[in-house]
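To keep things simple, chains are lettered A, B, C, D, E, F, G, H, I and J as they appear, and every chain counts its residues starting from 1.
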């Protein structure tokens, strides 16, 4: 199994319209990691929504960051929280929500939703 | 007919990110029990949503707990409330909602929704 | 044409969890009555949602009550209000909503929504 | 091209349950008028929602009123506002919303929403 | 690559019902521009919603304005903000929202939402 | 319970284009009759497809014929075959298919398909 | 009521690839005419499919031809056959199918399908 | 675990129209049995289609027969073939098809289709 | 307006399994060209299906070939036939079908289907 | 990158009803491998349909075989053909079809279909 991707692999660019609050939603339907207990792969759609402050998320680096979880062993709740914290650290957004919608396992479907509001 | 599963069969693990309020949704579409009046089987999807405090729900034990209702004779309203109270006792969550969406019977569909907010 | 069913044909049973506010939704997609002006049949789905206080609605008697409207001549607005008032009288619920969603007639679709909040 | 239908062609009947606020939704998917600039036909669904006060809208007369726009030349924004004002004048409702959802023209779809709240 | 269309190409007409707050939604599903980095085309649906004050948006000129972005090189965030600012300048609306829903690229879908409230 | 409608209530008109084989499909989604064993109502969509020879089916009389089954006690298989034979007798069509798609009962859905080819 | 449009209003252009059998499908969802018995409007989608021989159908003239039925009084079966015969006369196609899918009337939906094969 | 239901529990009634070949389709979406290897429950929709000869399938007994598999341990391929052979023995139909569409297990969905043609 | 892309820009690679007839389907939903009469853009999904003989279609070059039509002025029927002939010339396939499904124009949708069978 | 899984990892069990031709369909929506040119992951649903002769496919081993492609670098056409040949070798089925439906890449979707008929 591989290590989790370093937070530094996320890249940003300056917000083109910081005077206005607006929302960016980015859906990555091809997230996959590995169950640390069984070794079976897990699949999810990662749905990110954020209101940028000074920085926007660079899409190509985000795509590689998402791909870098492919062989990492980690549970649903932990990985969704970890990715959310990485994004909050990189973007310092006015608002951020990350929904990790995992495919069914043993007939049971899990969705983890993390929300962040800058004070 | 069988007895209802013991509350103790639900298992938990420590919340990996207790500093933040976040939501976990777990959908179990293969719930089945038995009508205590007619003996006919009842089918439902159990949709659980909760905000963990110190504990998260262990999925494998939850799946076995859901399966353990298979031959128990109990009404729609009673079983949805009973499962909700079992989960509240086990998880002591900041928030919990359980929706029991039962299949149609005699052309009529019933959905029971129980909501809990920690004070 | 037949008479409207008596309010007394609705039956109840004691709420199994009166300590908690929870919601019960019951969808009856096979409601039919007769237009008092043209004699043509009308079809609707009756969508009931309520928060029980001391009493829950018994499903089998409700099904027969719904069937008893089959040959009654009554307009959309009147029948939805009448059924709502019958249910409020029988259940004395903390909250109740009844939506009568009628099929299209002459290319026009009507939906009547009655809502009740106990004081 | 024809003239707009007179407001007086709308008919009403007494509200059967004025003691309670309830909602009536009426969807007319076969509205058509004519573009005054190009002469091409326009098609829309007119979605009416209202809370009656003393009066309810008579469906058959409403259907004929909707049909009477068939050969009238008028723009999307104007006709939706005009029908809404006609309905408000006829019904004097506690609340009314009219949504005119027009089919695409030149690849572009327009929806006009007019809302009215009695004071 | 082409230059961005001039703001002046947007045209307006007087609001036919300025006494009332009402909403106009205009969906343009055939927006396309070019990625300034790769030269590959980008496709989006531009969903505009606004409450007119003195002016309404003329549809034919808006369609040509949308088409004029076809060979302009510009990023998702920038173009959605730029179109929103052009519309706000032309319409001086009481409220405006523009959603740029872009097609997936490399398996990742981006949606940009800009909202404006007149003070 | 009522008697089955007489075959003679079906009406026809001359085929406007008998030189060509063409198909007419008529869907009646509001069929209802009564279960002769339990007295409970049954609901179905009756989907008719036919190739006319000398005669076409008159829609208004067909609608009344369909409504006339409302209080007749008859099983799914019997009523679909009976209606098909009535239509074959009235239309003498080159081809006819009748599908009776009944709503679920006790969780089980039945569809009866009768097909006729003139020799 | 208006007269049926003249067959001559349909226009054609030379088939760009007559060496190959290929298919052209044209869907016109905004067909409307008038019921000759009741005067109420009828709405339909006209779905044309054909294999061109020497001629293809010019779209703009076809659109005007379709619009020209707007105030003509004619039944479902008759109008679909008439339009099919007009198209066969104008295009002399290798194959042609026309489906007139009419909206529901009195809860009953009619679809007329005319098929033509050149010998 | 329970034994498989006896073939004799299926009941029949005389075909009301044996002179004509016609089709009966019966969908039972609430089939459940148990995996003989893991003890976990399996869920499926059993879709039966047949052309009756002298006998039709009695629905109530079929429903009880389907329910009787609830606690039987048996694999997907075996149970679908066994039910098909039981139905062929009981009905001696002109044609029969049984599709067992099982829910996903470990992310993989299985559907077994058995077809029978009388010679 | 630009010239049509040269046929030579399509690239191929050797079929990895020429011993077996198998099918490859490639859907390109972002095709756009320009109407030579009005200058307005046209949008389509190009759905290619083929059975390779010695050669398979290289996807990246095909994507660039599809993009190269962006500013070419050409009609629906002509462009679909032209792309089909280019693909047939490049691939010499055992079978090929190309469906050009164009978006609605003036409320009318056109789909062109070209099919090729090697002798 | 990893090696392709050995053919021997597929397991079988004896067909429980070899006297009859019947069909088994198995859908694996979580197939993933790696593009050998770019290193980016590819995702697909593998849809297998077969008519067993003496042997059926064991599901658990098939699931592990599908998972074993996770880090293998291979193109769409090659991997679908390779899996089909592995299954044909292991099952010696009377009939087999494998559809590899890959997710969109650069806006283009590829589906590969391999079919096998025993002689």
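Simple rule for what comes next: a residue touches a chain if its C-beta (ideal position, glycine included) is under 8 Å from a C-beta of that chain, and two chains touch if they have at least 3 such contacts.
Here the structure is a predicted model, which means the values were calculated and not measured.
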If I rank A-E and D-G by number of C-beta contact pairs, which comes first? A-E
Taking I-J as the reference interface, identify its repeat among A-J, D-G or F-G, namely the pair sharing over half of the contact pairs by residue number. F-G
From the mean C-alpha coordinate of subunit A to that of subunit C, what's the distance rounded to whole Å? 46
Round to the nearest whole Å and give the separation of the Cα centres of subunit E and subunit I. 31
For the pair subunit B and subunit J, the C-alpha centroid-to-centroid distance in angstrom is 37
Where subunit G touches two or more other chains at once, by residue number: 29-30, 40, 43, 103, 105-107
Which stretch or stretches of subunit D touch subunit E in the complex? 75, 77-78, 80-81, 84-85, 105-116
Could you list, by residue number, the parts of subunit E that touch subunit J in their complex? 40, 43, 103-107
List of subunit G residues in touch with subunit I within their complex: 15-17, 20-30, 52, 56, 59-60, 62-63, 66
Can you list the subunit C residues touching subunit F in their complex? 29-30, 32, 40-41, 43, 67, 70-71, 103
